Amino acid sequence: MNRYPAPDINDLPEDIKAKVLEVQEKAGFVPNVFLGLARRPAEWRAFFAYHDALMLKEEGSLTKGDREMIVTATSAANQCLYCVVAHGAILRIYEKKPLVADQVAVNHLKADISPRQKAMLDFAMKVCLRSHEINDEDFAPLHGHGFSDEDIWDIAAITAFFGLSNRMASFSNMMPNAEFYLMGRVPKAKPAA
Amino acid sequence: MNRYPAPDINDLPEDIKAKVLEVQEKAGFVPNVFLGLARRPAEWRAFFAYHDALMLKEEGSLTKGDREMIVTATSAANQCLYCVVAHGAILRIYEKKPLVADQVAVNHLKADISPRQKAMLDFAMKVCLRSHEINDEDFAPLHGHGFSDEDIWDIAAITAFFGLSNRMASFSNMMPNAEFYLMGRVPKAKPAA
Amino acid sequence: MNRYPAPDINDLPEDIKAKVLEVQEKAGFVPNVFLGLARRPAEWRAFFAYHDALMLKEEGSLTKGDREMIVTATSAANQCLYCVVAHGAILRIYEKKPLVADQVAVNHLKADISPRQKAMLDFAMKVCLRSHEINDEDFAPLHGHGFSDEDIWDIAAITAFFGLSNRMASFSNMMPNAEFYLMGRVPKAKPAA
Amino acid sequence: MNRYPAPDINDLPEDIKAKVLEVQEKAGFVPNVFLGLARRPAEWRAFFAYHDALMLKEEGSLTKGDREMIVTATSAANQCLYCVVAHGAILRIYEKKPLVADQVAVNHLKADISPRQKAMLDFAMKVCLRSHEINDEDFAPLHGHGFSDEDIWDIAAITAFFGLSNRMASFSNMMPNAEFYLMGRVPKAKPAA
Amino acid sequence: MNRYPAPDINDLPEDIKAKVLEVQEKAGFVPNVFLGLARRPAEWRAFFAYHDALMLKEEGSLTKGDREMIVTATSAANQCLYCVVAHGAILRIYEKKPLVADQVAVNHLKADISPRQKAMLDFAMKVCLRSHEINDEDFAPLHGHGFSDEDIWDIAAITAFFGLSNRMASFSNMMPNAEFYLMGRVPKAKPAA
Amino acid sequence: MNRYPAPDINDLPEDIKAKVLEVQEKAGFVPNVFLGLARRPAEWRAFFAYHDALMLKEEGSLTKGDREMIVTATSAANQCLYCVVAHGAILRIYEKKPLVADQVAVNHLKADISPRQKAMLDFAMKVCLRSHEINDEDFAPLHGHGFSDEDIWDIAAITAFFGLSNRMASFSNMMPNAEFYLMGRVPKAKPAA
């Protein structure tokens, strides 16, 4: 369904191929974004370097669940099917809450999340939809919830980065892997003894 | 979480109580809309009479899956958490497609549905969002897909009715039952022999 | 002009026919909504049961004028010609203010109404246009004007119900009866002695 | 109710006073716009010179009814209470159609007007709301209905001028005279013999 | 590129011709608006009378730079190429700030202007985009910055008048003279000794 | 004015410092984006790797002027002061058209650009504002102008990347260097002999 054919995994540059195989090993499948963008190696490398800098960093008060929650909520605002489904799955896993992804995707104002997370999403949605209106008054409630200026940069940067991702996925008709839809909704099957 | 306390099932008028118990028997739980609206018996009766007239009717070319698809897509446009989750569940079951509800909720233009269903949702979304602009040109593509004028009335009426439902659920903070989130995503457990 | 032909009054089910004749007796004409929806008896019965539950109820602090004011203002936001003209007429009569319907239809913020009615319409407009954003802060000003939670339910439910009505009328091209346009603008002619 | 006090008619410059008295003589009352703007004589003179150049000109294919119809429809889009009520009244009189003003104010797409008038209003609404997107394709349907380029200038200029008027009336809280609401709705009383 | 051919300067009525020549003498070129509107002498006279009443008046606390700043910001909101470029040029000259016009055109919230000017533009933008919602609360911050009610009228009237101008320029495809783009960006060349 | 203090150039990692000095050497100043983002070296490296992959690539039919035109137009839609001013400057230089940046920033539909560039910007604006609605019909006009699918990927990716950039610049209050405002507007001074 993707408008742009994905390359064969064996035709990829070694560094990209290695990362793709590593993901496959870990997740059990290759999320489509890894192959969908790989036809442009230089862009692929920059995309995942940016992604990892924001999503895998250890510093700051944002948990991995917080980060995926920002992605899910803002990707829903951009109506990006790939990112809502894929990152909603990861969000469910990190937060260990099987309902939370659907909630923040439909209406974060009704989601069963903490007031701190609600403030975080309010800010992320403004960066997503009306970044030119961000001002000092938007920072105050975040400080009130204990977010530092570095945390706020993280919220903004994650939102901005996935706004890029949303546009690339929607424009190129990237479809989420079927595996994502169910992830984190049911307990993982235990390996047979 | 609901702003308005739901009545005790034993305090309900007999006809409402009977319907609630019937639903509970069939579904295994009482969807919150049945109790959430029951504090107003006259409104409850009208609401479900309307609902049944539109959703349970046998005539016409809209399948039950089509109907639930309209509800899911337009409720997402209205950002109604209750209806997206509850009717998304029923949609998955009727269509026997575990992925379809998330797809039409996030972006019906990207969903894996038939061109006929796509035209149906295009019309429903216009009734939902810009009903004052509906004109003859909106009917032509539906006729082209084999929808009769009566079918088109059904599409419009389902959209209009759930626009009411969306507003009542959002305003009163009605939350979807946890059971809905997973329904239709995994095969039903078979009863033990 | 209606896209869907109205049935002949003599072909209607007895209960519907009786109500239609009763309205005709009282108003001097049959408002088009009564015949326009009557081609679907089950929907007709649910529609008017809902309507009567909301618009004819005796309890609560909303006057009949308040109710019609909500209908007129929100129907104007939905650009529904039928409902603005028909309910604007009834509003003028109940409020005994020949100017009020045009005022709330064009811009309720400039209308010559009480601060309590202004707060009521602010809430109704938010339910009409952005119901997913309704939160506790929207209830406070209504409480401040003496509205109870049950009154607020009435405001929301009337708005939601006429959102349904607006979409049905616009989609089916239902035109207001000519009689409505002038009702409540001039003193009723007194019967000759 | 006007935020800015209107001057006493006797304090006006002679030319303005003369025009005001002439209008009063003709209409039986002084429309509020004449006094509301008169506190700024230079602006008053420019405003009415512009108004007369557009609304009283004899050339071109736009009738006086057409002109007032443009004003009523676009003023409704701008939610200007004064202009919808005042110019809706004049529209009813010129068109000799007591229903037309309410129709074009609520939804010009449903109004009982000619296809030529409908095309005229489509163009006016685009000038009103999205003038930066006007292009050659917007001119073609107007030419098809027999409008010349000069007529199209008239449509645009009337729309633009009343956009100014709408903003001045709304900002200054100018209220329509009570007399306008009923004008053109009922036959004029004939003088007693 | 203008859709409507401009008249030859020698065919203009004497009063208009005199003004055009005066402007040419002063500016070194004839801004296109002077010829673009001159094909309609009555409208031309009203337009420039209005313009001069608002932009050349000596009373009040708005400086000439303030006035041009309002024009530049609101014309950008209306995406009017002619007015942003022409009045941006004049703004740079009056304010003696070569950067200010680009700043207020792109996003007045980020511009390097005084808090007083920021409040002035906030109000102007609301008159431009949502005049029907202007209320007492919009006046308070302006009073707080020392603007009188007459100054506020000036802000609103300038916004409203250039809303007219924006629509005329965009509709008729009026292009800014090339001279404007650079004006006020570089020091004027001094005459050779 | 930036909310986040920029690091001292001497405290930067060697690779970033080298690139910054190279830019300074070439441009005569350090554009603020280089220092504004440098406080986060990993993000900085990913950002400029992405930037260079899209903006410096040699393949494809998009000229460097085309690329900067996309940036300027979409950054204006996002109201990002930094990017409009900085990339507008580069656009003027590459296109050798001192007027073009202001034109596409205010309203690309009125800009003096080729029909091919106009189609390119129409697509970019849709990716910027409504990427979820992109479909096959959006590709056809681009193919008609000779753009390949790879070119179209470039248009989309540049738009998406600068959407990220716009949000980072606006959120962090990054201001354009004063040098940009005038670049490309006047001929470069020639070195003295």
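For reference, chains read A, B, C, D, E and F in written order, and residue numbers begin at 1 within each chain.
Throughout what follows, contacts are C-beta pairs under 8 Å (C-beta built on N, C-alpha and C of every residue); 3 or more make two chains touch, one makes a residue touch a chain.
Not measured: the values here are computed from a predicted model.
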| item | value |
| --- | --- |
| Label of the chain whose CA centroid is most distant from the centroid of chain F | C |
| Identity of the chain that, by mean CA position, is farthest from chain A | D |
| Intercentroid distance (Cα basis), chain F paired with chain B, Å | 45 |
| Between chain A and chain D, centroid-to-centroid distance (C-alpha), Å | 53 |
| Residue numbers of chain D (touch at least two other chains) | 79-80, 107, 110, 132, 170 |
| Chain-to-chain touches, reported pairwise for every pair that qualifies | A-B, A-C, A-E, A-F, B-C, B-D, B-F, C-D, C-E, D-E, D-F, E-F |
| Sites on chain E touched by chain A in the complex | 107, 109-110 |
| Of all residues in chain D, those that touch chain F in their complex | 132-133, 135 |
| Chain B - residues contacting chain C, complex | 3-4, 40, 42-43, 45-47, 49-50, 52-54, 57, 78-80, 127-128, 131-132, 134, 139, 149, 153, 156-157, 159-161, 163-168, 170-172 |
| In the complex with chain F, residue positions of chain E that touch it | 1, 76, 79-81, 84-85, 98-99, 102-103, 105-107, 110-112, 170, 173, 175, 178, 181-182, 185-186 |
